[in-house]
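Some structures to go through are shown next.
Each of the next two complexes has chain A plus one other chain: chain B in the first, chain C in the second.
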Partner chain A sequence: MSKPSSTATAKAPAPRKTGFLYNQRYAPYVFTLPFVLTFLIFFTYPVISTIQMSFQEVLPGATKYIGFKNYENLFNKHYYRAIYNSLIYTALTLVVLIPLPLLFAVMLNSNKLPFKNFFRSTFFIPALVSIVVAGTIFRLMLGQSEGAIVNQIIGLFGFEPQKWLADARLGMIALVLMATWRWLGVNIIYFLSGLQSIPHDIYESASIDGATTWQRFMKITVPLLKPVTIYVLTISIFGGLSMFIESFMLWSGNRSPKDMGLTMVGYIYQQGFEQNNMGLGSAIGLSLLGFTLVLNLIQLKVFGLFKKED
Partner chain B sequence: MKEKVKITPSSMLMLLLFIAVTVLMLTPFYAIIVASFKPAKLAISSGLGYKIDWEIFTFENYKSLFNESADKYFMWFKNSIVITVLATVLSLFLSAFVGYGLAMYDFKLKNVIFVAILLVMMVPMEIIMLPLYKLMISFKMINTVWGVIIPFAVAPLPTFFFRQYASGLPKDFMDAGRIDGCTEYGMFFRIFIPLMVPAFGAMVILIALSNWNNFLWPLLILRTNDMLTIPIGLSTLLTPYGNNYQMLIAGSVMAILPILLLFVFFQRYFISGLTVGGVKG
Partner chain C sequence: MRKSWFTVVALMLSVMLALTACSGGNNKEPAASKPAASGAASEAPKSDGKPTKIVFWTFQELHQKYYEDMAKKWNEKNPDKQIEFEGSTFPYDDMHNKLLVALQTGVGAPDMADIEISKFANYLKGTPQLAPLNDIVEPELNNLVKSRFDIYAKDGQYYGIDYHVGASVIYYNKEILDKAGVNPDDIKTWDDYKAAGKTVLEKTGVPMTTLETTEQWSLWPLIAQQDGDFLGADGSVTLDSDVNIKTVQYMQDLIKEKIAIGTPGGFHHSEEYWAFMNKGGAASIWMPMWYMGRFVDNMPDLKGKMVIKPMPAWTEGGARSAGMGGTGTVVTQQSKVQEITKQFLAYAKLSKEGNIEIWKQLGFDPIRSEVWEAPELKEANKFTDYFGTDIFTMLSGVKNEIKPVNIGEKTPAIIDAVKRSVMFRTLNDMEDPAKVLKEVAEEVRAQ
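Right, the complex of A and B next:
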């Protein structure tokens, strides 16, 4: 690490200029002021406010405390559906969007694949598209007629045309499909950057010792990619649990039949903005925060981040 | 750095796999482009197909976008550009400013601020969007550009990134600057901003892209049609009762195009921004 800023300069011989702009003690506080203000006004205040609202019935001019009523009201079928959808979506995106990009990254990093840069770039392109445009395209590709492209593709394998957005399971598949399309290339780039930092000699000496490709992958690649994997897992858990716009686009706002696309954030939006029930909305939000933190703590514990600092 | 590619039988298998996935990745683009040359109602009623049908081939969607809908669409386009440019410039400057302060000085509250930045990262914006929205009402920032930009102008990730970058710069320059009578802030502007140009380069595209595509917060803040950005505007067109599907289909294609062009020319920056920010080697 670099040395702390030298205190020697305090005794510099030259006639020292004085005044606010020259003051080294105030400077760090001025530099960090934009963050501190943002933190207090746009983070701390809303967090406290949402905690407070979760114990209130928020009505214009007639806001009153109602104890844990909002939390009690959480126990309803819409909320269960929202949790279920968010958790399943998160789990499925993890199952797809960790191993698949890792595998592709390993292949992209090997010296046996031609046109690497082309593939890397092409896989990344979907990440450039706004979720609104992506949602529009996917919704239309998942149309229920047999002429819609996804039905045409599954038709090649002998499946009947499906009503993708009218069935809860197929709807979930549609969401995961869209997530895979958008994030595969991004996660590949994360893993690729991790792979490129693994020295080549390790693989060479392992090969000399007779390790197979699979052994090298499991014993060298996977363990050495742990920091990257933890990073990708963390952002995927955050992204998965706070998914909303994807379902907002596939089902025109918050109106999916039988709540099949309702997520935790969708439920906050529905209660807070559409039903104007900010109290319940806050309670949903805080419970989501709880889920997010618990899941991430488990994840970090399992992967032993607390045990050692790299 | 380029290694030589060794072609083996497994190369061909991998190549086939990658070509197949590439086709899948490009299918949505292909589908929307094909659909944009068909009557728009068809795309809505029967979905996007892969067949190009020359009998119903038409430029109607684009004609409509550039004639009847042109005023509206280019207003959204302009709004998107204004918000993206302002938000990106402000965000880059403030993140660099704060990051530099954290890297270059030792002060009492440094660790407290670190923890605060981590806290902001750990609480998704969606959780506090209700109170934040109420706050914007009391600040009278609803339906304004600043209402979209200000709350998220100092973002944690770029701040961390700039802090990391600035830590690697020689602090001797500060001593030299002080002896020459430079103010603490003058040093930031005149000595260190030029030194941090590569860092700005790595961050600019990532920040601009996320602003350009930003959806949920602007959806809450922007209320009237003349203030909407492209994503918000397009999303208002995708309703079962819509009457301007031409604009939706052609507008979607036109929304992708500029970013795609930028990507073709500045690929390196898109990808490097992603990796420097998140993962340390």
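Right, the complex of A and C next:
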């Protein structure tokens, strides 16, 4: 039935402007509908459902509303530790993963550097490696025996072998190290694309006026890269706060001793799935959503992104 | 007008498809193995002689292989009740989460699944979505180790069938002990063990053992031997009992005197530990019987050097073993073929034949204790090649001393706390055992 009719449609002369697709009133809705539907089904519905679950004790056949109990249960030391870890991790990745890629991007953009393409691809390859594989290898590299590779390397500089994954500070360093290894290349790509859109004449006229390389970098490159920097900052904040698999792989499971690698998402996973407490898991998830929203609003406000384009 | 509607709808659908396909990228979990979707789709048995499909999920490939083999044997014996066994192996956490969500939401669960003991209580919360197995368990119960069924029970209903008893034993590296002039048969109590450890350390420079700092297997059998446990029989938290404090203190002392060290990598299933032990890093280790397989697979250089003995007792004549760990196979309520699945499960895990196969193929101490004396268990296999032939002679000797453990609703929470906090703080950070145990016990009680 439908087949002949649809072929007929395809062959039929284009409908007049009165046709549905050409109707100025409906067309915008039609074209945005797929997105709106995806948004409603895969975002709005889960969020509403999460809000609902956060007020429930979710058990098969015995789900019931328990008021704010899940939120009251939030205030415990594991939750604080998870927030602390997530925030510190995010801050550290920001400190490392914005200046460093910027510097590398400038170097890679310079004409004086040989083997440019080789370096570019080398930096980017880690981003293509699965976190599961990378995490496992990092775990083995960070072993506590003298023979583990990282201990061998620091041994060359005269340091004692360390128990990397059994110390809160070293564990955090390990996580940041892994993030740096993995995301450096991606951020370099962002900055490179930003750099390439800066017109060359500006540098030329600056050097004619006698600006040093450093001055040109600070006065031209950095300000003109601001939009890219803000973008990288924003996604890094998201990335930092939602970090989980790195920690999961490094401690071979969501089980780092003394919660040294517990992140907010890790805590959701622990409560929601490992302990079958979906209600509390939902409450943690919503608090994470709140955190991220506030952080990003502040950040966007500070950088003046709400102002109208001039 | 109607025709253009068709175009619009067709267009929308294709765009939707493309979009949802993109958003699939959000799913970061690696596709573990075969598609899992087929779950509840298994159809009711048909009279036309077509085999019944049984879908099974596990986190341990060996278990899947075992059932596949048993399905073949079943089909040979039951031409009128043919089954088509479809097993999938997922990573440990993945499988437990998927199963939990499938049972919670009421769709997509397999007919049969493995649930590890420390997670089992999660599945018994609320109204269990698992099928009671009393009709297959009760007729056989006299031949079985009953305590291995109680741990999977709620309100008198049995929901899971284990693979093994999990009797804890001690594995000695005979080569190292010989060098130190220590005879493992002379080690009767934990005091003897400590003294022997001192000798080994002095004569060979090798620590007597390793203690897990991020898992529970070093501690749990020791307290179970003395009827101490994480939880009481009524499910209340007993983590901070005097027996437990004393035991953790004993372990901490072993480390202080360098007789023991913290396990490299934190637990006895880490690659680091296997490499360390394989090189003769420590003289002994106590783990359940099922740990034999790890020796055979991961520490090949110790072949012929390891001997299995009952664990030392706390007092002369005290219990020398405890039933540790385990994985219960369950049948789900969602299954449309519960009857035949149960029959197959009973054949694979409760029958005499099945229990002999469990030893032969998996190297586990079977839950049907009458087969321990069976001649088939003395036949040579890769385990007897590695550890010698008298494994079950030794095990039969402690048959009545295998202490059970208590499992309750708080088990997942308390195991988690022991793993993350208790072991690490007492054995790595050397905090006062009494203080740590009290603090953690209070916390879990409050949950």
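By our rule, the second predicted complex is superposed on the first by the 271 of 310 C-alpha atoms of A that agree within 3 Å, B and C clash if a C-alpha of one lies under 4 Å from a C-alpha of the other, contacts with A are read in each partner's own complex, and residues count from 1 in each chain.
FYI, a contact is a pair of C-beta atoms (placed from the backbone, for glycine too) under 8 Å apart; a residue touches a chain by one contact, two chains touch by 3 or more.
What you see is a predicted model; the values in this text were computed from it and never measured.
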{"item": "Most chain A residues touched (candidates chain B, chain C)", "value": "B"}
{"item": "First, second, both or neither for A:258, with chain B first and chain C second", "value": "second"}
{"item": "Touching partner for A:186 - first (chain B), second (chain C), both, neither", "value": "first"}
{"item": "Touched partner set for A:145, first chain B, second chain C, both or neither", "value": "both"}
{"item": "First, second, both or neither for A:62, with chain B first and chain C second", "value": "second"}
{"item": "Which superposed partner A:281 touches (first chain B, second chain C, both, neither)", "value": "first"}
{"item": "Contacts of A:123 with chain B and chain C, given as first, second, both or neither", "value": "first"}
{"item": "First, second, both or neither for A:159, with chain B first and chain C second", "value": "neither"}
{"item": "Partner chain(s) touched by A:270 [first = chain B, second = chain C, both, neither]", "value": "second"}
{"item": "Partner chain(s) touched by A:42 [first = chain B, second = chain C, both, neither]", "value": "both"}
{"item": "Overlap of chain C and chain B interfaces on chain A (superposed complexes)", "value": "2, 5-6, 8-9, 12, 21, 30, 34-35, 38, 42, 130-132, 140, 143-145, 148, 245, 252, 273, 278"}
{"item": "Parts of chain C lying in touch with chain A, wherever the complex brings them together", "value": "1, 3-8, 10, 12, 15-16, 19-20, 23, 28, 30, 93, 96-97, 100, 103-104, 106, 119, 122-123, 125-129, 213-214, 264-266, 270-272, 275-276, 412-413, 416, 419-421, 423-425, 428-429, 443"}
{"item": "Residue ranges of chain B touching chain A (in the complex, touch as defined)", "value": "3-8, 10-11, 14-15, 17-18, 21-22, 24-29, 31-32, 35, 43-51, 94, 97-98, 100-102, 104-107, 109-110, 113, 116-117, 119-120, 122-124, 126-135, 150-154, 159, 167-168, 171, 174-175, 178-179, 181, 183-186, 188, 209, 212-213, 215-216, 220, 230-232, 234-235, 238-240, 248, 252, 255-256, 259-260, 263, 267, 270-271, 274-275, 278-281"}
{"item": "List of chain A residues in touch with chain C within their complex", "value": "2, 5-6, 8-10, 12, 15, 19-21, 30, 33-35, 37-38, 42, 58-63, 76, 130-132, 140, 143-145, 148, 165-166, 245, 251-259, 270, 273-276, 278"}
{"item": "Residue numbers on chain A that touch chain B, as the complex places them", "value": "2-6, 8-9, 12, 14, 17, 21-25, 27-32, 34-36, 38-39, 41-43, 45-47, 49-50, 53, 104, 107, 110-116, 119-126, 128-145, 147-149, 151-152, 181, 184-186, 189-190, 193-194, 197, 227-228, 231, 235, 238, 241-242, 244-245, 248-249, 252, 265, 268-269, 272-273, 278, 281-282, 285-286, 288-289, 292-293, 296"}
